Every structure is written in structure tokens, then in C-alpha cells.
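Structure incoming, see below.
Each chain gets a letter, A, B, C and D, in the order it is written, and its residues are counted from 1.
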């Protein structure tokens, strides 16, 4: 079983169809699968439902797929860092389903773990709870949320090996590990492919069982809010 | 004289206790980190998957893989750990964070909170706010007492869509401090210097008790 | 001549395909690892939290922190990863394991499986068996065709409490191999050497089709 | 906040009461909190409900608390590796609640993550499903299982630091991470306490937020099934 592919276009071959659901890892522009998003754009696949916490910016990340109108619907917790998104949404061209961020994370985790539904207190008494089943546990009210799966998950890790084992770096981990478990097929891009046995098996974040295809990408890693402090004495 | 942003943050910092795990929202709450007493040790959580958040980096320390929930570049500490968003919100939803300090648009006298959308305006989403107010042990709101146009933000009922129902434990405004008994009512417990109870009453719609 | 334990294991090994992630139960299923073809690469999962299980250790390699689900000491491989029991069963429940090969006490013609308790005898518990049969993509049972007293174990309905309902895809016994269409019925597809269809029929209660 | 305590007895001070519920990590005898179990025995606390995958053996692990009759009820997936357990259970002195192992693991994870209930396919159509709510998702039937929390969780890790950050070693991880999240108070024992900053923050398994007290223990690490192979040529 060869999991390592030569490039991003090759990893997506045979996996794409119009109207499919794709999960994309990342938080803001941090830890997003930059190369696979570009390959999705170039593939021309359309009418996508994209599950991703955010929607990128105008010229980077998922914003690129908005610009080309390949996305029909976003399932996200926080968006609108880009004008094209705003325009499409306000004109009714783009559907949008908001989820509380923790609910979205848990829905992906549940989908990957074979859990079709779970109860949470998050959103009780708000718009989010409308139309959802309410249930009492120990005197408190909770709402039912459902597990999410995707036809394809695209994730970004720091390093990977030929078995598909992945490790993430710092806060670039975010949604990537759960989304890796919730794709019928999961494709990962990494900054470095390391020889098998390089990882301490106690430290692997995503076991290779969840990853069907893997590439080494080139990562711009754009920063959204460059925030610094000054040294007192330069 | 009403408190300014920094004074409100300073007041909020008094709610922190030694050993607390703390989540700070965007805006004035972020400033709270500047006023943590030297004799107490708290750990800041960032809901995108980090416990033990350090200060902003020096220019040569910037790391695109290291950001906070406001997408700002930050640094790590010796105590830092990283984890997934699912684990992070497990921590939040499971009641392991001692206190969240958040901004708000409106708070009702029963502790309802609205801070994520204004109908008719572009909605950017609730992010992690609904999870935080539903899961964190204690929720402290820091906000201006009235809107820029002078409309009260402490109301009988929130007019905006809720972020959480009966979730607020304390409100710190530029005029003073209110304790909230979730589902019951609020009590004014502190005034900013030279602010009178009448000042507060005139710009508050919510009913409140007074215990100063 | 009916198959012996090793031959049953060898037959079961033919169900493995290159790239498969595999969970092997205790008893005969454990022997399957000895018959994995050299041209295929499979990864063994141990439900106590390990992917990439290696062989038993040499005496000087024994590590009390490294055991399989049968609590036996084992070794790791270059591909190995460790994880918690929750993550391990997430993997199982979520349908990520390609095949489980398990022992059984009884299997019904619709694919019901009983292998965890005999009423009146001491019940040790189901361990991970219920999770495995409910979650793994394909479930293959390896067992003797009849009990020691000669009673059939392939039945119209299981008499023992179930481990799972309509969960079995294949049964390999010492007499032959049955394909099971979950919820529908079973088909004899292979016979052990010198075993006749009549031999099989005489020790089987379940109805089955024949396609040899 | 001082999390490191001098010994096992001290870590349990003020936390124990008769009739309480305790989660204990470990799988078989692997990764069990040996020192804290001994301290529980010596404390004399009784009528315990113990949530643990297994129940130890006659003279080691939770078997020690069975011998002293401190346990009223076990919530487990597989037991009976010890005779005293068998005797008490058959005589009706000991209550027992069996959970499928994955359901037990998930119930602990759910309890720690604020999820009071979730649906699973595990156990549908078996005794385990009796009396539980059934619900259909996408044409398949699932049963409702509830989250578990404990008054106290006792866990065993390999290394810990003064903030309570923990890392586990190999398959000794098992139930420990979830149980660490599901205790109102969690006490950990480790083989080594390391200076703060020793861990790579990407590799911490249990963040210190979940651990209120910590000791360095002495570990026998008994092996249940010593299984070896022979070298072909010695």
C-alpha cells in the first residue's frame, strides 16, 4: 500500500465529484491544507459543501474556492474575514450553517468515532437550539447534535511517514485530527515526510489508519494578525 | 469618573484566583492579562487548542503555527500544552475552565448574554462564545454600560439573539460591578469612583438590587 | 479431513488484503498472524490502544507497559502508534478497522453472534467484543463447527445472549467456510478436504445455501 | 498552587468519603495506579463504586480493595481474573455493571467533556440495550449511553511535571487519559516527576488542568500474561 503521492493533484485523483462534502482542517489561516485547496480549485469540482471552522481570506485558503464559486455551502463557526464571502452570502448565492465552534469540533470527532448523535448544553436557549431535540439529564436541559462525516477530508500536518502517521505542530493542530478521522477518504499534506520509525510511537497524533493518501507540500503559512511586542531595550 | 478600558480590565483581574485556568475573550478581556497579580499563578487557555498562553512575541519570535483564538501571534511558556479543538472544547464544555472573561452587546437581569449577532447586519458567527458561556464554571462580562448612542445594555430581556441563557455571573462596566444570580436577578456591588447609584440607574434598563 | 486449528487460522488469513487494518481475537484468531502472506502488508490493532502490534518479545525484551488485549506481553514495530482506549474504540466504532477475526460460541443463520456469556456460569464480561462486532467493517468468525459434546453451533437462532445482532460476514469452521449475508442467510462456499456436504449438514442446525 | 504531594496518603487527604464513586485507570494490571490503590485500602473508605475496566487479581490492583470489602459495586467490561471477586459476586455481596469496553471508555470521555449522553451501535439487540433509549439515525438503530463522572479519579502516568502535565508510556495509557478528565478531583501517580519545561508541549497527553494532585510512586508493574518467543539460535 503506497500512501505517498507525487503531488496534490495526484492525491485527489478519482476522489472528486460535484456536490460532494469536504472537511478542511485549520483555524483561521493556521494549519490549513494550502496545497490541497489549490488542487481542489484547479480540479474544477463544484457545488461543494465545505465543513471548516473558517472560510479563509479573499486570496488565500478556502477564499480561493469561494472566488471560483466552487462552494455551494459552508458549515463553519466564524467566517466573513473576506469580502467575496460576504457578497455571495448576502446575495443568497452561498448557503451557510453556523455551528458553535466546540459543537463543530465535537461533531467531527463524533462522526469519525461512529457516534451519530450526542447531547450538549452549548446553544440551549439560543437560535442554535431551534428545531433540535431537547432532553433532560440530571435536571439540566441539553440539545442533540449529530455526528458529521465527509466524502473527503483534507488536513495539514507538520510531519508524516509512509504509513500515514502524522504529527502536528503547536496550534496548527486545531481541527485537523478530528477531521482526519471523519473523512471516508482522508488526504494529508505535510511539511516533511520522515522515514518510518522516526516518530516516538507515544507521540503520534493521528495514527496512519486514518490517512489514505499523503503528500509533501510547500507552505506559505500566511499570518492573519501579526501581533508583536517591543523589546524594552533594543 | 467612570473606569476606562484598562481600569475595567484591572477590576476584572481581581476575579482571578491562584491556580485558576482562565479564558479571556477578544477586546477589553485581553487586557486583563496585564493586571494579573504577581502573587497569583493563573494559566490562560486559548480555545483553538492551547493551555499556557504566553505574551505576544518579539518580532524575531513570530511563528505562524502559534496563534490565539483571535488569530494573533503569541508565544508559549514552560507549562504549555497543545491539543486538538475537540479536546479544547471538551475541556471547556466539561467545566474544567475556572473563569471566562468576555465582552458582550447585551446582558439581561437573569444573566442571559448576547454577543454574537445583530439581525440585519452581517453575521460572522459565534465562534467559541456559545461553548464558553455554556461550559465555563464562572462567566464574567466586561463591557461599556451603554452603547455609543447611549442605549442601555443591561436589560430586562436581551433584544438581540442570545449567546447563552442564564450564563452570566458578573458584569463589569465602566460604571460599576454587578453580581448576577443566574435566573434570578442582579445586584450592584461596586461603583467606579465618583459614579453615583443614580448615574447607574439612569443608564440601566435591568432591575437590580443594591449592596454596596 | 477437517481442518485443525492452524489450518482454520491459515484459511482465515486468506481474508486479509494488502493495506488492511486488522483486529484479531483471542484463541485461534491469534494464530492468524502466523499465516499472513509475505506479499501483503497488514497492520494489527490491539483494542487496548495500539496500532502496529509486533510479535511476542524475546525474554530480554519484555515490557510490562506493552501488552495486547489478551494481556500478553508483545512488542512494537517501526509503524506503531499508541493511543487511549477512547481513541482506540473510536477507531473501531467509526468503522476504520477493515476486518475483525473472532472466536464464537454460536452464530445464527442471519449473522447474530454469541461469544460472551453462558447463563448460569460465571460471566467475566464482554470486554471489547460488542464494540468490535458493531463497528468493524467485516467480521469473520473462526470456531469449531460443533461443541465438544457434538451440539451444533451454527443455529437458526442463537440460544445464548448475543454479542451482536446481524454482525457476522463469514464463518470458518473445521468443516468449511460460510458466507453470511447479514440479516438474510448463510451460504456454504468451501469445504475442508474430504469433508462432504452431508457431513456439514448433519452437524449444522442453521439453514444454508450451497455455492461450491 | 502546589500540586505535588509527599506521598499517596497525603494526596487523598480530605477527598474520601464512604459511598463515593472512584474511577481507576489501567487495563488488566497495566498502567494501574498501584500506590493510590494501596492508599485507598489503608484509608478504610468503604461502600465504593469503582469504575475500572478490570478488577485486578487477588493480591494486586483493585483485588486488594475487594479483599477488604471496600467495594460495593464495580462498573467494568471484563472481570473475574480473581477468586475473591467471583466469590463476592456469586454470593450477591458485590454489585456488578458490565459495559462494553468501548462504551465504557466513551462514557468516561463524555463525562469529562460535558456530554451527558451519546448514541452508539454497540450492544444493539443485546442485553446491554435493554431499558435503554433506541433511536434511528440514517436508517440504523442506536442506543443512548450516558456520560460518567466520578468523585475522584486515580490515574497512573509515566512522567508528570509540577503543573500536572502528564505523559503515558505505550499501552499503559489505556483508560487513564479519559478518567483523568472525568474526576471532580483527579489524583495522578507517576514514575518520575520532571522539571517544568521538560516536555515537548506537542506531546503532553493529559494537560495539567485535569490533575489536581500528583505523587511520585514506586511501581511493581506486575505482568499478567508473560508471553515470550524463543530466539532461533541462542
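By definition in this document, a contact is a pair of C-beta atoms (placed from the backbone, for glycine too) under 8 Å apart; a residue touches a chain by one contact, two chains touch by 3 or more.
It should be emphasised that the depicted structure is a prediction, and the values quoted were computed from it without experimental measurement.
Asker: So which chains count as neighbours of both chain B and chain C?
Answerer: Expected: A, D.
Asker: Specify the chain most distant from chain C by Cα centroid.
Answerer: Following the centroid criterion, the farthest chain would be B.
Asker: How many angstrom lie between the centres of chain B and chain D, each centre taken as the mean Cα position?
Answerer: About 36 Å separates the centre of chain B from that of chain D.
Asker: Once you find the CA centre of chain C and the CA centre of chain D, what distance in Å lies between them?
Answerer: Roughly 28 Å, centre to centre.
Asker: What's the distance between the Cα centroids of chain A and chain D, rounded to whole Å?
Answerer: The computed centroid separation for chain A versus chain D comes out at 33 Å.
Asker: Residues of chain B that contact two or more other chains, please.
Answerer: 76, 82-83, 89-90, 92-93, 135
Asker: Where in chain D do residues touch at least two different other chains?
Answerer: Residues 106, 109, 113-115, 120-121, 168-170, 173, 201-202, 205 of chain D each touch two or more of the other chains.
Asker: Could you draw the chains as nodes, link the ones that touch, and say if you get a line, ring, star, complete or other?
Answerer: Shape = other; not a path, cycle, star or full graph.
Asker: Would you mind giving me the full set of chain pairs in touch?
Answerer: So, checking each combination of chains, I get A-B, A-C, A-D, B-D, C-D as the touching pairs.
Asker: Quick check on the complex: what are the chain D residues that touch chain A?
Answerer: It is residues 106, 110, 113-121, 135, 137-138, 140, 142, 146, 167-170, 173, 200-203, 205 of chain D that touch chain A.
Asker: Would you pull the chain A residues touching chain B in the complex into a rising list?
Answerer: For chain A paired with chain B, touching residues are 27-31, 53, 76-81, 86, 89-90, 98, 100-103, 105-106, 108-109, 120-128, 158, 168-178, 205, 221-231.
Asker: Where on chain A does chain C make contact in their complex?
Answerer: 1, 109, 111-115, 161, 163, 165, 181, 196-197, 199, 201-202, 204, 207-210
Asker: What does chain C use to touch chain A in their complex?
Answerer: For chain C paired with chain A, touching residues are 18-19, 21, 41, 43, 45, 51-52, 76, 78-83, 89-97, 135.
Asker: Under the stated contact criterion, what part of chain B meets chain A in this complex?
Answerer: Spelled out, the residues of chain B in touch with chain A are 46-50, 55-59, 62-68, 70-74, 76, 82-86, 88-90, 92-93, 112, 122-131, 134-135, 161-166.
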